[in-house]
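Order of writing sets the chain letters: A, B and C. Residues in each chain are counted from 1.
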Amino acid sequence: MLTDFNFRVIWEYMPLFLTGVRATAFIAAVSITLALITGILACACRISGIKALKYPATIYIEIIRSTPLLVQIYFLYFGLPTLGLRIPELQTGIIALMLNSGAYIAEIIRAGINSVDEGHIEAGISSGLNYVQRMRFIILPQALGVTIPPLLGQNIVLVKDSALLSLISVVELTRSGQTMTSERFMPAEAFLTVAFFYMCIYFCLKAFADWSQRKLIYREVY
Amino acid sequence: MIEFKNVNKWFGKLHVLNDINLEIPKGEVLVICGPSGSGKSTLIRCINRLEPIQKGEIIVNNVPVHDKATNLTKLRADIGFVFQQFHLYPHMTVLENIMLAPVNVRKVAKSKAEKIAMEKLEQVGLTEKSGVHPAQLSGGQQQRVAIARGLAMSPKIMLFDEPTSALDPEMIGEVLDVMVNLVSEGMTMCVVTHEMGFAKKVANRVLFMDEGAIVETGTPDEFFDNPKTDRAANFISMILTH
Amino acid sequence: MMAFYFGQLVEIFPFFLKGLWMTSKIGFISLVSCTLIGLILGVFRISNNIILKRLVGVYVAFVRGTPFVVQIFIIFFIFPEWGIQLEAFPAALLAMAIMGSAFICEIVAGGIAAIPTGQWEAAASSGLTRFQQLRLVIIPQAMKIILPPLVGQYVLLIKDTSVVSVIGVMDLTRVGWVTVVRIPEGLMVFSLVGALYFMISYPLILLSNYLEQRMDA
């Protein structure tokens, strides 16, 4: 099998793959940034006492979590045009990723905030700190340590999720594989190369996540 | 019965067992004591191969412990081990804890195993707790159940690794009482402990270890009243002052 | 206009139910196969055999490091090159099994690793073989730790079945995709698809939340 593996063709298509990697990196970076903002907002709404904010946020999060990402992508891709919004597929894809990861990030942040020791919060209340001060000085700094590892994990998930954008014709890494397959009919060379590139991205992100996990051990120490 | 021949063990660069030569005859009650890190727990854990050794030989009942060909199951079935942290199985009742090994290792029928288990529970004075889970017992009771669990296999040797060190003071006595009774039945015992009262009462020999080596041995009276080495004397004075 | 589409909706609804049935079938078979294989792999992952440990580790890294859709393409397109003709449905099941077992393997290994060493030692000291230690002492205790994340993983697996639509399996997602070509009401079609997915995954999510709460108690 491997003797027939055509490395020459892979080399020929390398510009296509590299374009795909760049596109995937771009999509992931933009999406995760937007998702972070979305997640923080959604989480803030959800933990606020205000029902008008809490219910929509909760419904948004639960719907995202109970439905597949692909369905969400198709919903936007096929649905937005019917509302008269002709958005290019790249932007549609980014919006889908933003909304999807945003919901998960909201839950990650919420779990982080809930993980802060009840006793610390009581101590803050007893010293007269108001809600905002407690958030700023006690809860958020500690929640950060608990939240960052899963956030980095979600980042990795998002890179893999971005592969689904190939199904709505967005230029990215998986699509490069599809293009090469349709042009040369060499799916093994195409998709194993694509897999290889994803593995490289994965190991880089994972190494970064592990490194930052070590840096955050202060929480365990005290 | 138990023989250590030039036993050496390293944890990385740390020499935890330094040329140990020791013979424990049948029926002997040996107490091992020494400061923290002296290797006493490691020594006893090597006897049933919970720990490997790099050099030397340990022979139990003519069977080389660390030999690749040795049937570990058979060896361990004849040695009972009581841990400092008891390590009872939390998902089983007291009775099931004690019955587990006889049923699965010696292939004893469940009804017979139950009988044996109740006998051992009676021996440690806890028959009424047979249907209870370990979490509902006090530390002293858990340790007594752990001893019953060890005895259920009718071992030839019982090893105790600081059996009372994790107990609240008022519970130490009940466990030591059980152990004293075992002695009167002629059990070969090797006990790592700081309980000097116990040692004086029932031990045939006391071993003092420091920095991985056996520094001094002797009868309890010899050891406690007339220690030969300075390190032993130092250690004894430290534990007796509280 | 809405009435017109509503009529069409009623007409295609059986088609959607068929898709839901296909999704449920794939989901159920995958949950069972992934759990069984994942359990075995998880035990291998914590075994003393370094080769076994490393092999499973490489396999898990590959599954976790690549997108599921790429894995599906690899399985569906490459097997014929090796002479194995795979239809879409078996290929989908195979892809799900390979992907899901890797994640469950990690959950199982994590659960087993959480059991204190003392339990292993106590069991070993009484003469139990390593397999008996695992079966009688370790895994029963690990189950309580494994169950909540396991059910959480089940939810993810059911959602992941939607990706097999790309190789033509007529699951719920593909039904929507095919329908929207005929009835270009993307919002309505995929709202219906989403609602049906919600129906089968939300109960599992509630179960998962409940189990997580019980664990923390």
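FYI, a contact is a pair of C-beta atoms (placed from the backbone, for glycine too) under 8 Å apart; a residue touches a chain by one contact, two chains touch by 3 or more.
What you are looking at is a predicted structure, and each value in this text was computed from that prediction instead of being measured.
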Building nodes from the protein chains and edges from chain pairs that touch, which of line, ring, star, complete or other describes the result?
line
Measuring between Cα centroids, what's the chain most distant from chain C?
B
Going by the touch criterion at the top, tell me which pair is linked by more C-beta contacts: B-C or A-C.
A-C
Computed distance of Cα centres, chain B from chain A, in Å
54
At what distance in angstrom does the C-alpha mean of chain C lie from that of chain B?
47
Quick one: chain A and chain C, Cα centre-to-centre, how many Å?
20
Once bound in the complex, which stretches of chain A touch chain C?
1, 62-63, 65-72, 74-75, 77-83, 160-164, 166-167, 174, 177-178, 181, 187-188, 191-192, 194-195, 198-199, 202-203, 206
Chain B residues touching chain C - in the complex, by the definition given at the top
48, 50, 72-77, 79-81, 83, 85, 87-91, 100-101, 104-105, 146, 149-150, 153
Residue set of chain C touching chain A in the complex reads 61-62, 64-71, 73-74, 77-78, 81-82, 155, 159-163, 165-166, 173, 176-177, 180, 184-187, 189-191, 193-194, 197-198, 201-202, 205
Could you please specify the touching residues of chain C with respect to chain B in the complex?
116, 118-119, 121-129, 132, 136-137, 140-141
